[in-house]
Amino acid sequence: MGVEALAESLGQNVLTTTLGKLIGWGRGNSVWPLQFGLACCAIEMIHTATAGVDIARFGSEAMRASPRQADMMIVSGRVSQKMAPILRTIYDQMPEPKWVISMGACASTGGVFNNYALLQGVDKIVPVDVYIPGCPPRPEDLLNALMILQERIKAQGITPRQ
Amino acid sequence: MLESYVPVLIFVLIVLGLIGALVTLSFVLGPTKPHKRKLAPYESGIIPDTPAMRRLSVRFYLTAMLFIIFDVEAVFFYPWAVLLKQLGWFGLIEMLVFIGILLVALAHIWRKGGLDWE
Amino acid sequence: MIADSLIVEKGVSAGDAWVSVAPDSIHTALSGLRDDGFRLLVFLTCVDHLADSSKPTWPGRYELVYQLRNMETREQIRVRTFLDGDPPRIDSVHDLFPPANWDERETYDMFGVVFTNHPDLTRILMPDDWVGHPLRRDYPVGGEVVEFSEEHEVWQTPPPRA
Amino acid sequence: MADATAEGMTDTGTIGQGVTVSRTGEQGAFGGELLTINFGPHHPSTHGVLRLIVDLDGEQVRRLKPVIGYLHTGIEKQAEALRWQQVVVVTDRHDYLSPPFNNLSYALAVEKLLGVDVPPRADALRVIMCELTRISSHLVWLGTSGIELGASTMLMYCFRERDTILDMNEEISGFRMHTSFIRPGGVLADATPRFLDMLDRFCNAMPANIDEYEALLTMNPIFRSRTIGIGRLPAEDAKVLGATGPMLRGSGVAWDLRKSMPYSGYENYDFEIATSDLSDCYGRYLVRIKEMRESVKILRQALDRLPDGPVNIDDRKVLPPPREELETSMEAVIHHFKLFTEGYTVPVGDAYAAVESGRGENGCYVVSDGTHKPRRVKFRAASFVNLQPLERMALNHMVADMVAIIGTADTVLGDVDR
């Protein structure tokens, strides 16, 4: 958009880097996840959202149901062949600075089920930023992944990854 | 004579400034890559093939109208509440008459079944 | 109980009484049992006996299993039929037992057993454009190829995609 | 509130018909056309990836067609590719809110084929783990159903208790959710003193917590107006449709597998079957709350009368020998080697075993052809059958009531799609 072209033309001087830091800080500290619960990892995701582990401390409490208001998609659970096109559609319908956390072994690599029914890894259809091992991973693992993602977002500054 | 309205002016300016800044900043800073699938209507993951625009039932219109009537009624309470002291008994009785008329209307609608759905 | 003419074989397997019936008399047998009080169809499934060495000969490749239960007397009975043919055909029993509607759709989806006069015999679990019936023994498990594992050599030929 | 047309229910002809979905813009009751919408796979209130194609006349549901399969994981095919002892890990994951129940139905079926009985201490540990999981599964249902109807504090309260249960799971088996604790031939490990102490504190504290939930919801006018008279399922139709668990007991039918067909020692615990004659969403809520109280009573009895003794059958062909024996005896090494390379074989035959899980009858039908891999493993999923009355319970209800009806069916989509 306008400011990216401006940022390239001005090059990396004091203006764009501080602006980049500010934008990165803004985006990083309020990453709104999309409520994309599929299977067992979704239950652990709910645990992360409730008082016990409390993802609200990291600015990600507002689990949005619609992709229009979400910045990050947490693929929590196993993605079946029937669900794959729908997952891709929802990823497409998310507004632009968007990231993906692949939660659990089933989302990252097909996990325990290496058979015809599952998509062996969600990175076959959507670009993934952070993978979380575990079946299901502990809520603290999801928080750890969120913190890793926040560092990445802050480092990206004005122009996100794609 | 207009000095007493300056705070209102400042308030309006602040509001417009804030909203203006938020909208332009997010419009300018947010990268936009529109493409066909992103602009398709969101229906929990399925791209709908049936036309969304269908003739809707009259009940929606009825409920909307009822809401507007009683919402506007509530707006009239604000000035009355501010001037309650000066108006004294006359203001109170006047407002009670006003509410009474609308209560009669509400009772009529309720009895005619305008409030419940089917 | 069922008219003895219908029963092909009778026995007890691991504590559960079972009865074997010819495929074309399944509807009369089940309605007879239902009138006797076996009103709950616990489940209906199919077993594929392709290359099954546990018995010298099998009356049919596909064995359909109906597990019925009498809720008053707490009795259970298992009705089997053996089918052959490609696709194997049998009468639908959804009018006797309503839960059979979805069970039959799933058995059609997974094994390709066609239930005649079923109201809506379409795939229930797999995507609608899926080719092949996954739970048949000659259908490979699919999934990712795992090197150096002779287990997966056996299971690995991927399904013919449409 | 228009409740579902009762008289159209009992004839079995129309139940579960393939519902034709209107694309042609049929006429609705108030002049508007029927609007076909997707209550789609990605929806906050469908308790998983369930898709409902709904024909709406204004706000009222005229036709509803569930579409499932969005979480089909091919667990039954995967079980055919694994050995007998490896299948336990896969059974954990099809009904991911009640893993020990899935393990128990699979273990009981295999033990029926093997013709073995587990020692009493293993039975008691199995009952303890199952009742803990029933409470945690009901807590997830109560929390999510509460937040769907607006009571967001329910989610926080319920998941606070669920965290203590998951800590207990982790203490006894090392896993929070998928404990794989119950295996053919016994259990994973003996209960540690710390687990018994945590269980004791849990049994003391839980009744007060359940009172807290009841204080929030039972007499809450909003919750009552959203659930009383909604999703009515008469007793006769619940039986005809094969519903089990709280769906059946909520309609007044006192059928509980733990009482009617007892397994693993349930006959020597005394508890009541929770039923309610309301046969609507509120009735099923009361049933589940009472079931949680009964589970705490069972846990208290199981804890007080925990028999000591071995935790596994000592059949070396099925279960590996203890580690320290490997240094001394050659047979142990041979058994150990054979078990962990090829696995054990189960006599030819087929067996069905069913347990009463939080959702209903959770059964496992196992066919063995004498090799070290099962020929067929079929899971009788309670949610798969409890989802079918949804078509008829949601008829002529408002869209907002459909949220309560999907919640009350308490279906777990992993269980439905397997």
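Observations on the model:
Letters are used for the chains, namely A, B, C and D, taken in the order the chains are written, and counting of residues starts over at 1 for each.
Just so we're on the same page, a contact is a pair of C-beta atoms (placed from the backbone, for glycine too) under 8 Å apart; a residue touches a chain by one contact, two chains touch by 3 or more.
Predicted, not measured: the structure shown is a model, and the values here were computed from it.
Each chain's centre was taken as the mean of its CA atoms, and the one lying most distant from subunit B is C. With centres defined as mean CA coordinates, subunit D is found 31 Å away from subunit A. Once the centre of each chain is set as its mean CA position, subunit B and subunit C turn out to be 59 Å apart. Between the Cα centres of subunit C and subunit D there is a gap of 24 Å. For the pair subunit A and subunit C, the distance between C-alpha centroids works out to 42 Å.
For subunit A, residues that reach two or more other chains under the stated contact definition are 81-82, 86, 90, 113-118. Looking at subunit D, one finds that residues 40-43, 69, 72, 74, 77-78, 81, 417 touch two or more other chains.
The set of subunit B residues touching two or more other chains comprises 45-46.
Shown here, the protein chains touch in an arrangement that is not a line, ring, star or fully connected set. Each chain pair that touches appears in this list: A-B, A-C, A-D, B-D, C-D. Subunit A makes touch with subunit D in their complex at residues 35-40, 42-44, 46-47, 50-52, 65, 77-78, 80-83, 86, 90, 112-118, 135-136, 138.
Note for the complex: subunit B touches subunit D at residues 43-46, 48, 50, 54-60, 117-118.
For subunit C in complex with subunit D, the touching residues are 13-16, 39-43, 45, 47-49, 52-55, 65, 67, 71, 74, 76, 78, 94-99, 101-102, 106, 110, 119-120, 122-127, 134-135, 139, 141, 151, 155. Against subunit C, the residues of subunit D that register as touching in their complex are 12-13, 15-18, 68-69, 72, 74, 76-78, 80-81, 112-113, 115, 239-242, 255, 260-261, 348-352, 354, 361, 363, 365, 367-371, 375-376, 378, 380, 384-385, 388, 417-418.
Residues of subunit C that touch subunit A in their complex: 126-127, 130, 134, 139-144, 146, 152, 158-159.
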